[in-house]
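So that we are looking at the same thing, I have put the structure below in structure tokens.
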Amino acid sequence: MAAVQETVEQVRSIDVDQYKYGFETQIESEKAPKGLSEEVIRFISAKKEEPEWMLDLRLDAYRRWLSMSEPTWARVDFPQIDFQDLYYYSAPKKFKAPKSLDEVDPEILKTYEKLGIPLREQEILAGVEVPEGERPRIAVDAVFDSVSVATTFKEELKAAGVIFMPISEALREHPDLVKKYLGSVVPVTDNFYATLNSAVFSDGSFVYIPPGVRCPMELSTYFRINEKNTGQFERTLIIADKGSYVSYLEGCTAPQRDENQLHAAVVELVVLDDAEIKYSTVQNWYPGDSEGKGGIYNFVTKRGDCRGKNSKISWTQVETGSAITWKYPSCVLRGEGSSGEFYSIAISNGRQQVDSGTKMIHLGKNTTSRIISKGISAGRSNNTYRGLVSAHRKAEGARNFTNCDSLLIGNACGAHTVPYIEAKNPKAQFEHEATTSKISEDMLFYCMQRGLSQEDAVALVVNGFVRDVLQQLPMEFAVEAQKLISISLEGSVG
Amino acid sequence: MAADVRLMKTAAELALADAFAAVKSTLPGDAAVAAQRTAAFETFASVGLPHRRVESWRYTDLRALLREAPPLASAAGPEALARSLAACPMLAGMEARRIYVVNGAFVSDISDLANLEPGVSISSLATALGAADPLVAHLGQTVASSDAALALNTAFMGDGVVIALAEGATLSRPLHLVFVTTEATATAAYTRSLLVMGKGASAQVIESHEGPAGAAYQVNTALEVVVGEGASLERVKITAEGNDALHISTLLARVADGAKLANANFTLGGAIIRNQLLVQLAGEGIDASLSGVSLLAGKQHSDTLLAVEHIAPNCQSREQFRTVVDDTARDIFQGRISVRQSAQKTDARMMSRALLLSDTAESDNKPELEIFADDVQCGHGCTTGSLDQQLKFYMMSRGIPEKEAEALLIQAFVGEVIDAIGHEGVRAALTDATRNWLIERK
Amino acid sequence: MTPLLEIRDLHAEIAGGRKIINGMNLTINPGEVHAIMGPNGAGKSTLSYVLSGKPGYEITGGEVIFRGVNLQELSPDERAAQGLFLCFQYPLEIPGVSNMAFLHTAANSQRKKRGEPELTSPELVRKVRELGKQLGIDTDMLKRPVNVGFSGGEKKRNETLQMMLLEPYLSILDEADSGLDIDALKVVSNGVNAMRSPERSMLVITHYQRLLDYIVPDVVHVFAAGRIVHTGGKELALELEATGYAQYQNEAA
């Protein structure tokens, strides 16, 4: 029952007392001057030894950003951010792209070990057959503040034709691929935070899966914000060429700090004919303390473009961290017969504010989408599902099924559902249902009559509530999610 | 960013400002009412006509749709009044007390004001405002709203019906408020009505709106309702405006302990129709039902905004909306159920369903939940699609012609709402109206 | 012999003040099967909730001693660990929680409270599958969420399986036959009868005599207006079937 116990703890107080990843790594870093200007952007671009066109793209984004204003439609409330009071680039000092893990600063390796990501141990396993039943191997790109510090399994992936490297490296090694797809899903001017990201993004992962290749292992990026007053602006670009498949995982943590920190990432997915990307996130940024002090502002733009016929994108997210979450992983269902999925668990507590959901934009014929969202609000938090499902004129035969359920624990929190359902085609069929309730007292009594303590009964019911979504996570990641919302009952019995 | 301050005012906005300046001194009411009008117009002027950046109007851009501000409608002549008596033919046979508001003015001459039930009073708003009737103190006090269209109504309200039911008063037959526009030219009418129901009072109220085809007239009408403790109100609103008309209607209802409110909207006619339903369940143990049927064809654009606010514990609300959209028509439903922290044990369910009959029909649906109390059961559902082809095939295989099979399915679809209407005569009339709409459908 | 359950002058009400149990006395010795019969609305289900400790049901007078412990001081899960099992008239559905996981959690929660070694997964799975076979519950049903989408009969079989796995000292069967066809009734009764032993007792709450053909009681009580108004042997059930409850209702009033 340990896992169940942990769920209760987690649900009760996802705050400073519970946050296990709040330590800080003592390491010297090199920063760009504070604030944002063309000079800072040139500095970042020069640091990354980028091609000229990339610098131009950044500067163009910056100039456009100056004339934009922050979105105000989300149900989140926070003081105005002073964008001149942030560092936009921070890298471990003496940093140069390591050729092997031996060149990585041992302090950083230790950090990732503490976070449960033993890069070295993984690397040792490279090329070794994994006995059945053992942990499957995962290639990891570890991003520390503004730079990627290590990427494992590079060679083995290369042999399969898969490109998996920091985007800064890809800009140098595969400029044509990056140029072709970067900004093609999330345009430079998409929204305030995405435009800011386009101007200043520092690192992130680049993945290209060639035609017909099923990526031989899970790919994963682990983000860590360490430095103070530093924004993290990573950029991820994943391209699944015709008939390929990749499962990609993303994790994130940050030290406990009293100040709020900004994380404004952009993720772009491109899926061509018959290809599939499965993108999973366990978001565990520092949420601030129980009084709402500190925590990450997580303003993220994630979008996938199902460009090819019968292509597929599946987003799964487990959101437990961040002071504010503003995030809508979306699918543009362009290719005929393409499909999009969004599975989400969002838990909010303390003073956390979550405004998250998805957009399923049906453009092509016979496109399908499915949305399963489970929100759990506790403490004094507010948890909003916001989603759009739309069918355009040509989206004949489009289908969507949406289910949004919210659970309230305690009487000082809020749970909100704001769906937009827009149909311009009669042959599109949309179904949406949503419920909000507290845990049924009768259900709890039934469990207790069978011998479960009240806490265990609550945990059991919560576990059941989120199960549909948890099942979507890749096995390996489910373990990490279990640590967060611990739903390990299934595994314990045959 | 002060994005709301716009440098350019549209022609219609400027015309509205001119019109208000010109008529405000002639509109009924004392100094306090005049101040209320001015404040309301300032509210309007500060934001202008609602546009798609205003969330509650995101699908109906009034700034683009309302191009002109036509002159206020003038009083109808005898011939027009005589014609008005034949208004709302679908309810012609029904026993009811009929009150006429023609071209925005309460017409007592043709209204049935004789032998009012004990404890019941009915008068014109203009008269009530002129005489500083204490009832008018309710105006603007039922449900707070900063809606710009409602602000325009408050600024310009010329006349309407003021109804009061004393404690325990009961209407022996339905009250039918017949709103008619008779002029064939473009005019504007701003009517405001008030219904105040005392403890345990009971009423059935029908409101119908209609006018001539081919006239680009505008109607901005509002009804404020106070449903007292244990009172019971069934209201049915039939919108059957002319095919070029713009119709904006706002219901503001405040409901007290143990009361019952059933409101049904039936929308058939008008070029642009906007129905706003703002309902506050302010007392415990209320049973509320808000429902609607829209039958849209041609280029019609109908937008329903519903906001039900649960404030007190142990209330139940049911929201049921059905819409059938043909040709290039567009239906919009934005419904929000809010549950405040004080409203424990709320039981609220909303269902909105759209049936699209043509390739160019459109439906936008935004069913929203906003919950701050934990011990609640709330849900909403929403579906969009075309007729069930399998059902249609099944019926055709039994010998029913395609058109008829469709008609039967559509009637069953809207029947779920119509059948729940309490008054048998109204129910039958709306069922017939649906059938006629289906027959006229090409 | 120490009684297993002793109810002394019990008064109880539903939160909000409606008095349902009104001076009830009952003693059940180990190994006995008691039936409680009575008209609808007599408070039979309330009795089962009061005994198992459902929130909102309050004891306002008297006491209930179960295996030497005053039940009023125990939470529902502690009562369960003491060996009190309620077979629900309307078993609850728990979405997302598989039957097997639920059984595992319940069995080990109780064992832990009693200081007994917990069952390992293989042990439990073996045990549950055996019981499932007896009750006609297939493996698929065990993987499905608790009671979700189960028919009335399947739910009752599932309740019986839980009872047989948890091996309680006292099983309260609340209208165990409602929603059952004859075949399911036989399966459930066989399961219940298999549980009968010198140290285990049952309290069978039922409106109809039918169930008592299958689960034959030692003692039959007539329950009306919140207390026991008449007690007899198993033949009393047949008598009631013929004459109805009217005479006892008058008696209670």
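Which chain is which? They are A, B and C, in the order written, and residues in each are numbered from 1.
The rule is short, and it goes like this: a residue touches a chain if its C-beta (ideal position, glycine included) is under 8 Å from a C-beta of that chain, and two chains touch if they have at least 3 such contacts.
Bear in mind the structure is a predicted one, so any value in this text is a computation, not a measurement.
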item: Given chain A and chain B, the chains that contact each of them; value: none
item: Chain whose average C-alpha position is farthest from chain A's own; value: C
item: Chain whose Cα mean lies nearest the overall Cα mean; value: A
item: Computed distance of Cα centres, chain B from chain A, in Å; value: 44
item: Rounded Å distance, chain A centre to chain C centre (Cα mean); value: 49
item: Geometric centre distance via CA averages, chain C-chain B, whole Å; value: 55
item: Chain A to chain C touching residues, read off their complex; value: 1, 4, 440-443, 445-454, 456-457, 460-461, 463-468, 489-490, 492-494
item: Of chain B, residues touching chain A in the complex; value: 1, 3, 55, 341, 344, 354, 356-386
item: Of all residues in chain C, those that touch chain A in their complex; value: 52-56, 75-77, 79-81, 85-86, 88, 91-92, 94-98, 100-102, 104-110, 112-113, 121-122, 124-125, 145, 162, 166
item: Chain A residues within the chain B interface of the complex; value: 69, 73, 393, 406, 408-438
